[in-house]
């Protein structure tokens, strides 16, 4: 296979220099600001009287590990569906998320756990950083195949800041509830990526169209991503909730929502497909919409039926989006959305936010008992009525959309900086631009393995 | 590649209509009957004085997640070994299990946790539903490639009911012990599937034989399934046991049993293989028999040696079954067992039931101490002797075989209903019947990536 | 594809006979020596007054499961990168590790938990056995493709003994701290394998060179291994540490170290690559060096900055090793290191040991408070100064290198025993020697699926 031509020095060096620069900067900031928290510091933990069993680690680490698997295995492999972009999909996921974890530790830390001049880290900050990385990867899905790794690092630099500020405004300033991130993660990540993709619109993308589809094996690899996202989504939504019933109920609601989005995805995919055939794109993506749609409400008293209904709706909307809206998005709105993040994260995220508004508005002391304190502390304290909390939830969605759209647009301008590794229109969706790629087939073993040698051992 | 001919409307619509119908029905039943239990309900949990650490979630959720991974990743990918049926293997696993989780929640709920007019759900019901889904997927393995998704949904509808009733008869009425389901899951699932496959016998299946084998990459995908099943099997068997030593001992016994079945599988595969070569079918399947065979007894005082011996035996029997019995099963008994579930689940399940009888019969107050209450409550209370408990275990196996054989046969008749999506003899083991399938190879990139464009950035 | 010639009976039988012999021997030893410990025995656990929540199972089992996934999924798939050796990579990993788990239970048990004439097993012994299996698999990486499975079993038999004795000398006799095994696992496993590979040096290996590289899909399979190793490494290092802050801090340090090694790996890979392209070998391996390098020090008060710095350094050294040192290792030192374990485990392991010396030497009562007792019990008791503990750490590294080099060399001689299944120079890196291998491509479906049959259902 012919090699692409040699690149300019700037393009070749953009990635390594950004990696070194960013790593140097975060390391420096870590040295100055980041410290163990009470649960990870040897002296602080042993000061006072705790049982080891009380350490937050035992309540959250198993969920954290599931989230971690979703970010790296789930998102990474989900995007491997492209036939010639597998190395980049899983590799850049790896790179972007690794940087985002460090950078989010800092930015979120300054906003959430900064006291005494230091950021304090433990398993909760790990979970929060992974959540932020998840949002970055959602945006990555929108521009997959059309951006170089240095561009993506720059995107992550900018997006982590906006994500963290938006999250801070919602959760800390507005008192919005959004444990599993229907708004802060999915809506934000999707619309940030879509606006960014709009700014980077390529009118000549058909030059790379022949590589934009999947092949049989790449679809199976992508299913690894899908299934790991699907099975661990209950842990994702429940990882940061209140302990006890909160974490338990969140996982349970998410589980049921996902089963329903899977059934509606299969139903709709067969209904809209040619001759009733199922489409792998739908199964790989829309079946997950049930996790997105209960991101806000799964910690609430959604009821198992509510979870099923929400999941069913989300799967339906998502398949219809892939079938009918994605083409319009490109032709009418000039948004090229490689992975269809609008269908998997955008619309289900919006639905999830509205569902959160609804379920919040219906909250009563009867339904939550003393548990109201954990789920809606401001209502429990009498500072807000359920209805006003619901309005805050709605306002949180509005804020998120503003941050995402303005931030994504500015991000798109940033990625047009000339020294970056922007692939040309005919180089999109192609690993060879960024990677040493081996041949596709194993070398033919023309001759039989030689028998005369079977006894000539070393 | 030539497309299969257009299907009749009934066949095209069978899948989406069943999905919508089943989802609608379960959602309705959820609305009427399913409620949070004490551990997932905000008001109930906060009523009274618990530490959050006491919530069942923290004792069972990590094991649940492993079970969940086994059901969707393990079973799904294990069946990807077929060269042209990977989408269906992993996709229909996804569909069937999603439906089974909802439906099992209802049927098991009516039988186990129904009080005050409601079914109460929490992590234990999630585990039980996943177990039921596991049995459905075992049966799926017997008919893999020879049934359409609508047929499979109908199978699941019927099998979930029988599974749950059989489980209820054994565990609740007969007081049988079967934590990891040697009887209730493996024996039941395997023989249900085999009898069903018998009824659906195809004398002309050789028309599809050329697609019934694996290719190099499909075998590697299948190993993903094998390895995830193998590593998480200790969690499977221990997920529903008594807490403390019970869960701990069960995991440990299963771990050792699996190492032994792996060693005996490699030994036997090389011994019966051509020129001493190993057969991937054996490694992918028989190595797992050690998990099946201790399903009943691993919560008991089996001893680590007992676990090794049981695993060794199971691996041996399983490989010999693949080599010598599967061909006979088809030629003499007209049972076409695509995945060899008789060898992985059927015979090792029977062995596991017998092992359970033996270990139960040997139970003493000396060996179990006060732990007897957890493992054999009826013996501890003096209501049964060890020997009579052993006889109940044996009777439980008999009941299971009756349910499985009668149920599977009736299930086979059900699947012959004319409006279903039954593939013809020459369409078996072929994804194209059910899926939009992309080409196998990535499109050739004939021209070099064009260099003259490297600076024409958007 | 032509079949290799028929093998001699000795070669064909070496594998099954060794499997049966080894399994028989360990089963016998299990029967005589291995018993449940206080946490897994029904009578012992229920004797006295514990809460079930105190059972070690709940503190360590989730971490154990992650370690178990790393050993079987991580190591297994990481080595699938070879184009024609995927079955062997994942299959022999499966076999070797299964045997090693049993055998390590015995050898480690005799050294660590032998009292009253019995070895006592529970989740900690499972973790320790998995750690030992990890070291065996590291050594396997050095000789991957150049050894038969019977040879490898013999290697495991010998290496498990040496590993366990070395571990006992370090941890129990010298009081060295090495929770995540920078020395006992990585340095030992790597140098054992490298010395063994030296003894088995093949001057004619170029006869198999055409199969020594990867293909596109095999690199994606290998990334499954990489990512699972990467995400679960925090659990690996923290699995055996002191509970509470110790386990929590270890996981956190490892997490940050890995993000830094990933960034430095991408930076360096692009810098040393042709035209700035990334090399999959680096990403698959060097990005993991951050887990190795903090194996000793991550339980200590390394600080988050220290973790980043260590990971950055390890990734850098590892990439440079792949690029510049591996060729020299073969040409000058006659060491053929298939997977580059010297770069992933050898050098980062050494660095990790030195880092442990440094961080130990800096330990103060102020920094650790009462937690000093958990991390450095001998310093806390006043039996050693921080400096003398540091010297013991250094001496531990020396001991490890002696065990590994002498043991690996002797192991190489052992593997030259004539009755073994040593592949010839032209048979290396080829599955067909050991496995029944199906064709690479699915059989062509020449004819369209026949339409006239669509209604001839069974």
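The chains carry the letters A, B and C, assigned in the order they are written, with residues numbered from 1 in each.
In this section, a contact is a pair of C-beta atoms (placed from the backbone, for glycine too) under 8 Å apart; a residue touches a chain by one contact, two chains touch by 3 or more.
In UniProt terms, the chains line up like this: A, B, C = Ammonium transporter Rh type B.
The structure displayed is predicted, hence computed values, not measured ones.
*Asks:* How many degrees of rotation carry the C-alpha atoms of chain B onto those of chain C, rounded to the nearest 5?
*Replies:* Copies differ by a rotation of 120 degrees.
*Asks:* Are the interface residues of chain A and chain C largely the same numbers on each copy, more than half shared, or largely different?
*Replies:* different
*Asks:* Where the CA atoms of chain A average out and where those of chain C average out, how many Å apart are those spots?
*Replies:* The computed centroid separation for chain A versus chain C comes out at 31 Å.
*Asks:* Identify all positions of chain A at which a residue touches two or more other chains, and write them in rising order.
*Replies:* Those would be 7, 53, 58, 62, 217, 224, 440.
*Asks:* Within their complex, state which residues of chain A touch chain C.
*Replies:* Where chain A meets chain C, its residues are 6-7, 11-13, 15-17, 19-20, 22-23, 26-27, 30-31, 34-36, 39-47, 50, 52-53, 55-58, 61-62, 65, 68-69, 72-73, 76-77, 80, 86-87, 90-91, 94-95, 98-99, 101-102, 105, 121-123, 126, 149, 217, 221, 224, 434-443, 445, 447-451, 453-458.
*Asks:* Note which residues of chain A are touching chain B in the complex, please.
*Replies:* For this pair, the touching residues of chain A are 1-5, 7-8, 53-54, 58-59, 62-63, 66, 83-84, 200-202, 210-211, 213-220, 223-224, 227-228, 230-232, 234-235, 243-249, 251-252, 255-256, 258-260, 262-264, 266-268, 270-271, 273-280, 283, 287, 301, 303-305, 308-309, 312, 366-375, 416, 418, 422, 424-427, 430, 432-433, 440.
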